[in-house]
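Presented below are the structures under discussion, each in the form of structure tokens.
In the two assemblies presented below, subunit A is common to both, partnered first by subunit B and then by subunit C.
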Partner chain A sequence: MANPQDSLSREHGGIPWKHVIGYILSIILTALALWVTFETGFSTRTILIIIFIFAFLQAALQLLMFMHMTESSEKKSKLTGNTQTGNILFAAFVAIVIVAGSVWVMGAGHGKHDHHKMDSKMEDMKMDGDMKMEHK
Partner chain B sequence: MAHAEVHDHNTPLEYQSETGRLNILGFWVFLGAEIALFSTLFATYLVLMYRTGDGPTPHELFELKGVLIETFLLLTSSFTCGIAIHEMRRRNRKGLFIWMIITLALGAGFLGYEIYEFVTYVHEGAAIGTSAFWSGFFVIVGTHGLHVTMGIAWITLILIQVARRGLTPQTSAKVFISSLYWHFLDVVWIFIFTAVYLTGMVLHNG
Partner chain C sequence: MKWDEFFVTGDPLIYGADVSIVLTVIGILFYLTYFKKWKWLWTEWLTTVDHKKLGIMYIASAVLMLFRGGVDALLMRVQLATPDSKFLDSQHYNEIFTTHGTIMIIFMAMPFLIGLINVVIPLQIGARDVAFPYLNAVSFWTFFIGAMLFNISFVIGGSPSAGWTSYMPLAGNELSPGPGQNYYLLGLQIAGIGTLLTGINFLVTILKMRAPGMTLFRMPVFTWSALITMIIIVFAFPILTVALALMTFDRLFGAHFFTLQGAGMDMLWANLFWLWGHPEVYIVVLPAFGMFSEIISAFSRKTIFGYKAMIWAMVIIAGYSFLVWVHHFFTMGQGELVNSVFSITTMIIGIPTGIKIFNWLFTMYKGKISFTTPMLWSLGFIVNFVIGGVTGVMLAMAAADYQYHNTYFLVAHFHYVLIAGTVFSCFAGLIFWYPKMFGYKLNERIGKWVFWVFNIGFNVCFIPQFILGLDGMPRRVYTYSAASGWGNMNMLSTVGGFLMGIAFLILVYNFYYSFRYSERENTGDSWGLGRTLEWATTSAVPPHYNFAVTPTVDSFDPLIKMKRNNVNLKPKIEDIKKIHMPDNSGVPFFMASFFFVAGFGLVFEWYWMGIVGLIGVFITLIIRSFDKNEGYYVSEEEIKETERLTV
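Then we have the complex of A and B:
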């Protein structure tokens, strides 16, 4: 039979434990996210940080346990596995910059009344402008 | 396959041809681009979180039970898809077919629930043009739903090809690539579940 250290041959066993464990852990992470969101009474900020950590963990489970991301097509070289992993990590970095950057720049998501504050600020600025106009 | 490529019996079929190996690597690059695409939709949705205008808020319409059923259906389909690939690597064509068809059935169930959810929202006064928030919602969840629809059609066609040509290095590379696509749809759904539904409910509660 195959060398047990060879990741490509490990698939030949009867029960795909990697998948079963990945599935169970995914369900647990989903249930935990629900529990944190609706049952703990943590602050909104804490809840969001925890559920996003859970989301990234579950995504990593899918990529590693189900999609064989680190697996290489050639047995003797890790090149394709490393390329795949590096590519997805870079994509995740781009995604985080786009999402966190947009939310930060647009000023939403920090608190429910942020946009009201912004509206009143804009009104103040408009009034200042009007006053300056009158002075001229 | 007349080339002098020598392969261990244990090398999975999908890695036995040069084309198969390159296509699989190329598909990972495509998935990186898909992550960037979906990230722009997530950014749009989160930025427009409070722009509900005169329309309903997500707190009024989001229903946890339906979202959980969708989540469970898609997560399970991702699992059964993984089992299908496991069976394919054991050269078990029947196992591949059984688990892939279960995967497609679960995917169709997910899609049915999503369509039902959309119809319910529209009846309750939240359509794509109701407010910036609902535009963002329907675009991101709709784009994901469109991906699932394409995934079901694509995998169905590949299964027909496998039924006709058998498991060869060519067909099994196609099956493997479509399985990557299907798992990726669940990865995106994890973030929709977290960023769209849970975040929407948390922020509009407080």
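Then we have the complex of A and C:
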């Protein structure tokens, strides 16, 4: 069996560039998020969208640079880093489908006859009716 | 709660069931005691971690559940055979269609397929067992206990009656009071633990434990289908777990996730249910596709046509299965944009399935076909499944679906998909691998009777339902008036239903007949046409360690090449080395029993009992965590003796 320490011990020799770059990029992304929040005049909604994008980018960056996502425990393992990457991407796909899909489906059209908004809907209908009456 | 509320009373059918349950239990206890089988039962079955034995137990439970679900179906057909029938009242009818649907999907189709996967897959990839044998036992026992908890509902406390989809608000406390719906929630929750663990277990097994040389694209199609099924299980079942937990909170603790009061969203249940429910359809049909691929290839004496296309079709189906769930509730009112998108995704998912159908046809093209019973079931599958698929595309059109929705057209459609796909494959796979499990084949002549009676009965039962559906008969009605004109077709459908019941009885007779009279197999390759490693064992029923020497693989039907090169499958004596195997354990059985106590307590909202049961579960978890047992070694002498090798 291959020694799982191999990849780590190799990196102990020189400067761990991967980690350094990951660290610097993480700081830049964090600083950008701070700058967007405090220094720009965007609406709260826009700011939220932008800093969420930064957050997801940074999460992906950390998975790649620090969390050894693409490496496997054994050198010539059957379970390669690609399997793990594919797994995480598919998990992200399913999570997005579940959350965004549910929000979309439940929000589209259905909201109109949701009972919480029933009163306002009734009012709308009344107004429609009034308008039709006027046309006659 | 009073005792007369605890037991279901007042219906002669239920009293009959009570009597038969008591008699069966007494009979089993008597048999075990009189023939001194208790120790045998405990050491050979209840504590086993052997994938083959767990597989057999899965299949046996599934056949039992097929009987229960089938009786439910026949009761419904009797009620519907004539207009204004008084055989069942509306509440009883509702309970029966609810338990029929739930049992057939969750406690029949899934365990039947998982059972066959358990028996076949480790052999097919040349492994000694699954990656986590202990976890495999936990999977089986939690499934079994979940199924039992669900099944006792009809004599104790009352069955759920809100349909297998359990839509809110119907399934809420106001409209479904009493323990019935709680049985559904907790039975499925406990069985779901088992399914999820199976998913993880086989995912790791297939990825990590393949024989040397078996790269991903040298895996047999059935192994591929199992791998993809496990991926879908791992990603889809958590949705069901969460949805069931939320509804349990609603019912037991007064939460408002799906209720009408307190800003709950009743339709969110339907949304979450089908987010799991549609991938579930592929969970029960992909292993079926895998098995048909093996069987058609073996009995056509040809390698599978378009191996890579088969696999990519399944991979695409796995991804796509998460993108079509809205087609189950087009009429909910989410607007034309959403409906159009899901109409299109639904029609697109038919394409990879179509590719597979053509691949099976081309596999048979110019093949030398043997019409054995597994092959007959496979041919029956292709014809009937296409009817199910074509009507599925009709239903996929959202605008047209407004006509078909909630009618018998839909009922007929999904029975054509699930019976022709899943049930046919279960029968085909069971007959095909029966010698691998028991060392003898099922009788072919009786088997052909089963096939023809079942196949004719199936079509006589469900073709009329397409017509009834187009004629406007809604599903889930317990009776209809003579003026509707649905009487004749319903009577015909009932006749078909009973033909399927008769076929089941012939099948059971075949189990008995073959046990008594079938010729015992001497070789591992019982059909003489095996292409994959499960047929490369040295004996008909493989020893508990499967392969004395792990085989090496260089193609996706390795045995054919070995046969062509006259490779001697008998292991060489110098290659025999001691084999590491896991120990049996009684802990999974006790863990599941504690789950039963907890589940039963929560069903009746007896929280002390729920807490006691869950503490028991945690104790078994702790016992396992501190268990330092590393398994044992099968000695070289024992292997040589089993393999009949002499120095």
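Everything that follows uses one rule, which is that the second predicted complex is superposed on the first by the 76 of 136 C-alpha atoms of A that agree within 3 Å, B and C clash if a C-alpha of one lies under 4 Å from a C-alpha of the other, contacts with A are read in each partner's own complex, and residues count from 1 in each chain.
What we mean here is this: a residue touches a chain if its C-beta (ideal position, glycine included) is under 8 Å from a C-beta of that chain, and two chains touch if they have at least 3 such contacts.
Note that the coordinates shown come from a computational prediction; the quantities given were computed from them, not determined experimentally.
Visitor: Please work out whether A:Q84 is in contact with subunit B alone, subunit C alone, both, or neither, and reply first, second, both or neither.
Guide: The first partner, subunit B, only.
Visitor: If we overlay the two complexes on their shared chain A, which of subunit B and subunit C does A:V94 touch? Say first, second, both or neither.
Guide: both
Visitor: So, A:T30: does it touch subunit B (first), subunit C (second), both, or neither?
Guide: A:T30 contacts subunit B only, not subunit C.
Visitor: A:S102 in the overlay: touching subunit B, subunit C, both, or neither? Say first, second, both or neither.
Guide: Both partners, subunit B and subunit C.
Visitor: More residues of subunit A are touched by which partner: subunit B or subunit C?
Guide: B
Visitor: Show which residues of subunit A both subunit B and subunit C reach, each in its own complex.
Guide: In subunit A, positions 83, 90-91, 94, 98, 101-102, 106, 108-109, 112, 114-115 sit in both the subunit B and subunit C interfaces.
Visitor: In their shared complex, at which residues does subunit A touch subunit C?
Guide: 78-79, 83, 90-91, 93-94, 97-98, 101-102, 104-106, 108-110, 112-116
Visitor: Looking at the complex, which residues from subunit B come into contact with subunit A?
Guide: 8, 10-12, 15, 20-21, 24-25, 28-29, 31-33, 35-36, 38-40, 42-44, 46-51, 64, 68, 71, 75-76, 78-79, 81-83, 86, 89-90, 180, 183-184, 186-187, 190-191, 193-195, 198-199, 201-203, 206
Visitor: Would you mind writing out the residues of subunit A in touch with subunit B in their complex?
Guide: Listed in rising order, the residues of subunit A that touch subunit B are 2, 6, 8-9, 11-12, 16, 19, 22-23, 26-27, 30, 33-34, 37-38, 44, 47-48, 51-52, 54-55, 58-59, 62-63, 65-67, 69, 73-75, 80, 83-84, 87-88, 90-92, 94-96, 98-99, 101-103, 106, 108-109, 112, 114-115.
Visitor: Could you pull out which subunit C residues touch subunit A in their complex?
Guide: Residues of subunit C touching subunit A: 207-208, 210, 231, 235, 239, 260, 263, 265, 267-268, 271-272, 275, 319, 322-323, 325-326, 332-335, 337-338.
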